[in-house]
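Pasting the structures in now, so scroll down.
Look for subunit A in each of the two complexes below; its partner is subunit B in the first and subunit C in the second.
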Partner chain A sequence: MSGLRIAGYAWLALVLVFLYAPIFVMAAMSFNASPFYQLPFEASFRWYEDLAANTAIRAAATRSVLIALAAMTIATVLGTAAALALFRYDFRGKRVLQVLLFPPIAIPWLITGTAMLIFFFAIGLGRGTPAVLIGHVALALPYVIVVVNARLASFDRTLEEAARALGAGPWTVTRRVTLPWIAPGVVAGALFAFAVSFDQFVVSYFLAKPGDATLPVLIYTAIRKGFTPEINAVSTLIIGASMALMLVVARFFSFGGHR
Partner chain B sequence: MAGTLNAGEGRRAAGLLAPAYLWLTLAVFMPLSAMLFFSFLTAPPFGNEPVAATLANYFAFFETGTYGRLLWKSVKLGLWVTGLCILIGYPCALVLAKQIRGRAREALFLLVILPFWSNSLVRIFSWAIVLRGNGVLERALDLVWPGDVRLGLMFTPAAVVIGLVHSYLPYVILTSYLALQAIDDDIIAAARSLGAGRLTILRRLVLPLSLSGLLAGAVLIFVPVVGSFMEPRILGGRFGTYYGTVVEDQFVAVFNWPLGAALSFILLAVVLLILALSSPILRKGLQ
Partner chain C sequence: MAEVSVRGVTMRFGELKALDDVTLDFVDGGFFALLGPSGSGKTTLLRVIAGFLFPDEGEVRIAGQPVERVPVEKREIGMMFQNYALFPNLTVAENVGFGLRVRHVDRAEERRRVGEVLELVQLEGLGRRRPKELSGGQRQRVALARAIVTNPKVLLLDEPLSALDKALRVDMQIELKRIQREVGITTIFVTHDQEEALTLADRIGILRDGRLVQAGPPREVYNAPVDSFAARFLGEANLLPSPLPDTFAEGARLALPEGAAAYAVRPEALTLTPTPPEDDVNALPGRLVQRVFAGSMATCVVDIGGGGTWKVIDRDPDLPQLPEGAAVWLSWDAEDTIPIGAA
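After this line comes the complex of A and B, so read on.
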């Protein structure tokens, strides 16, 4: 093996250490008895016991999961419908509609979040869980449309035409021919939508009512007040859950664009 | 063929598209318009104060110089983070796309981009634990380095850069990798058989062919970093005042929403300018 190849592997290994080391340190410290992350390490579950007893964190976690499930459902239905229309029909302005999907992804969330805050106050909705949900769905929608579209690209259009020629109506064609084919894309899009909502901090931060915070907002507030090992424990659980979720997504959607 | 839907098709297309795009209009495009409107007001229109139209919020940006300096500070932060991500990420993508084969490549690639899809706030928090004084990093260095090591990295601009590079590194690896693996290995083999050295192949062949992916990744990193506020708050301490944190303050601490709206909109203008200038590259790089 040449020196350059070894250097290549070493570089990749270093990058992986850089990416994962802090996460492992955080996870390890959540099992450390010292509240100030002092070493030597002394194994303990006390922070997880504290966490289980902490009703504020539990309430925020439940709220986050419920919002993510709702955002996922709405974004998946609306996004799949839009992706189908963009795939099936050619019409003037289609390019514009496709380009309009990028602002929610590309504009910094700080700008989107503050703009939503202003607008929701202006129309009388104000802060709170409904505002958070509306915002999350908007952020997740473009991901669903893009992911379902990617799956549709490999769909043979003549299948729909054949079904139609055999007398199936548009709804039957969609339900019996198109949807089964794009199902993996829809599942991947739905999981992306869940992740976008569940991990979302910035937009929730501006839209959540104090006292009605989502989990990331609660964590941010706690970090700024001072470190607490309970936050460490809940953070470890969150990162474990979201990584496990993405491993599931990877079964349905090839990130590398090849398989 | 564009614009040739019959009435039934048109109705069905509109029915499928309308819910999603109405939602985006209500939740993204109307708020952005409302923010622009707000930025020209003297006070929020739902308070008790009288409201008038004004350009004062935009003058504030140019008069004091403070906001301009902070915007420049945030732009510099964006350049630093983007540059480091490219230097670290591109070689990594190169190794993944051209050196490793088969299932190992798929698994390693997934491993590299997995953190990107996990909670960014939590990952920044994990750096706070690593970098804090007498924390894990300093204690670990104590073991391999004689004497008492004091890096003092926590609450410095360096800590902010480290955290942001960690957050956005997978972006540039992802986009570069997609561009790199689209390069036909036969072209590289042909260049080699014609006598080109490794450096020549990289400089004259691989880099130009993957440049669009690299630049797309760079833009996707630069834009959110310029608008970042959570990372500087957690890792920057008293050095953590950036443009993003000042905008945040207007909305959650100072409650000067019209000024916040104007500052947000100036940032949006900068971001849109960058996106517009790079849109040909982005379109090519993200295909």
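After this line comes the complex of A and C, so read on.
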């Protein structure tokens, strides 16, 4: 092996350590019997048992998953429809609209959250799960539109025209020709939407009622009150699930480029 | 199958008139070639007939019915696109069967018709392939099969052969003509290749800047072009202005009919000789500039003093061996003078 190659591997290892060391330590500690991170390591499932018995965490986790699924579904349907409309139709102000889709991605969530809180009180909706859901959909929507749009950019419009010439009406064209083409983009957009909602802390913290916190909000409050290793356990579970999902998706849609 | 008629169609894109008062009839079962340089409005006319564009003025009739309010998917057209536009996620059989599937034809019937039409385009046995597993010529056949499987009233083809290399293109021209005869479908074929138009069509129309210059059977357009554009676009033509300028080819012996705006002489009607020809033919003196062989034919370029350069196509053995720069005579029979337009 050349020196350059070794340096390359060392660099890669450093990046992986940087990314994964904290996660690895946390995951290891979730299986350690000591609540104070004491070594020697003594394997134990007690924190997972505690977690199973902790109804507050389980309720928050269920709420988070349900909200994320709902936000994902709504944002994916609306976002895909919006991307298709932007692709197909020319109308006045289309460019302005397209440009306006980007700032919400760049605006800090803290500010978006504050603005939403003020807005929801102004219209009389106040805090609560509906407000959280609307907020999450609004945050996820631009991601879906941008991702689906990117996929549509490589779509050959004459395919739609060919389908119409063959007798397919607008809905059939969309279902049989356009959607199959953009499917990978729609799935990727949906995953983004799920992640944006499921990971969301700031906006959820502002918009949720104290009684029905989402999982990230609950974890935050739990840590403030006094740390329990159950949090390690739930975090480890979440990491395991999301990594498994990402690997499946990466394999399926070849995000790495080649197949 | 049906006749298609285009009446006074004008299509504007902003300031530009892509079609300017075009009136054309496409006879039932005929093979019509739309010819014209790039940007002359050929594609636009095809898209107006298909229903992808709506004309600002005029109307389109298919089988006698105005189709102004009929959307593309209800016009019962078959269309072939320049890039073939095959659905990449479907197999060959699914591509061809698409039009039947959206019409809710039952599966057994669909299989039968797809099999039939694949046989017609000589692609039996390739039904399970994906478009990306086919050669250019095979894709082209799939696109054609897909366009005709629904028995459309009219088949619209936009430069369908231009993506193929020369040898394959000639094969496909013969094939296309055979299939069109067999199916007997009214066909409108866009091309900028005059040879292709002459090979395939029983009628042609020449477009220029959105206007129809001339339409008719190829022979008629070839023998009696309405203007010098048509004369030059369909076949090659050497042009004589009318009246002839004083400086024109000193020593020329010309007997031209009266009352034309110009005259054209086809390169293949000319005879090239080193000495002045006999009487009772038209004759022009000139200088041989270039001689190019192409198989048994030779193309010569001759400089006519004051009249530009003329092109001569002759069978090579008939041509005298002359060095470039030699003095030569061009001659042609009086009936080969094509008068163009009225003066």
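Just so it is clear, the second predicted complex is superposed on the first by the 242 of 259 C-alpha atoms of A that agree within 3 Å, B and C clash if a C-alpha of one lies under 4 Å from a C-alpha of the other, contacts with A are read in each partner's own complex, and residues count from 1 in each chain.
Operating definition for what follows: a residue touches a chain if its C-beta (ideal position, glycine included) is under 8 Å from a C-beta of that chain, and two chains touch if they have at least 3 such contacts.
Note that the structure is a prediction, hence the values are computed from the model and not measured.
Of the two partner chains, subunit B is the only one touched by A:Thr112; subunit C is not.
Between subunit B and subunit C, the partner in contact with more residues of subunit A is B. Within the superposed three-chain model, A:Ala162 lies in touch with subunit C and out of touch with subunit B [touch as defined at top]. When the two structures are aligned on the shared chain, A:Ile134 is found in touch with subunit B, with no touch to subunit C.
In the overlay built on the shared chain, the residue A:Leu16 is in contact with subunit B alone; subunit C does not reach it. Shared-chain residue A:Ala150: touches no atom of subunit B or subunit C. Of the two partner chains, subunit C is the only one that A:Trp181 touches; subunit B does not reach it. With both structures placed on the common chain, the touch criterion links A:Ala122 to subunit B but leaves subunit C unconnected.
In the superposition on chain A, contact is made by A:Arg5 with subunit B only, not with subunit C. Looking at subunit A, you'll find no residue that touches subunit B in one structure and subunit C in the other. Taken in their complex, subunit C has these residues touching subunit A: 50, 52, 71-74, 76-79, 81, 83, 85-89, 98-99, 102-103, 146-147, 150, 156. Only residues 4-5, 8-9, 11-12, 15-16, 18-23, 25-26, 29, 37-39, 74, 77-79, 81-82, 84-86, 88-92, 94, 97, 100-101, 103-104, 106-112, 114-122, 134-135, 137-138, 141-142, 145, 170, 195, 198-199, 201-202, 205-206, 216, 219-220, 223-224, 227, 231-232, 235, 238-239, 242-243, 245-247, 249-250, 255-259 of subunit A touch subunit B when the two sit together in their complex. Touching subunit A in their complex are the following residues of subunit B: 1-5, 9-10, 12-13, 16-17, 19-21, 23-24, 26-32, 34-35, 38, 44-46, 88-89, 91-92, 94-96, 99-100, 106, 108-115, 117-123, 125-130, 132, 134-136, 139, 166, 169-170, 173-174, 177-178, 181, 198, 220, 223-224, 226-230, 233-234, 244, 247-248, 251-252, 257, 260-261, 264-265, 267-268, 271, 275. Those residues of subunit A that touch subunit C in the shared complex are 156, 158-159, 161-169, 172, 176-177, 180-181.
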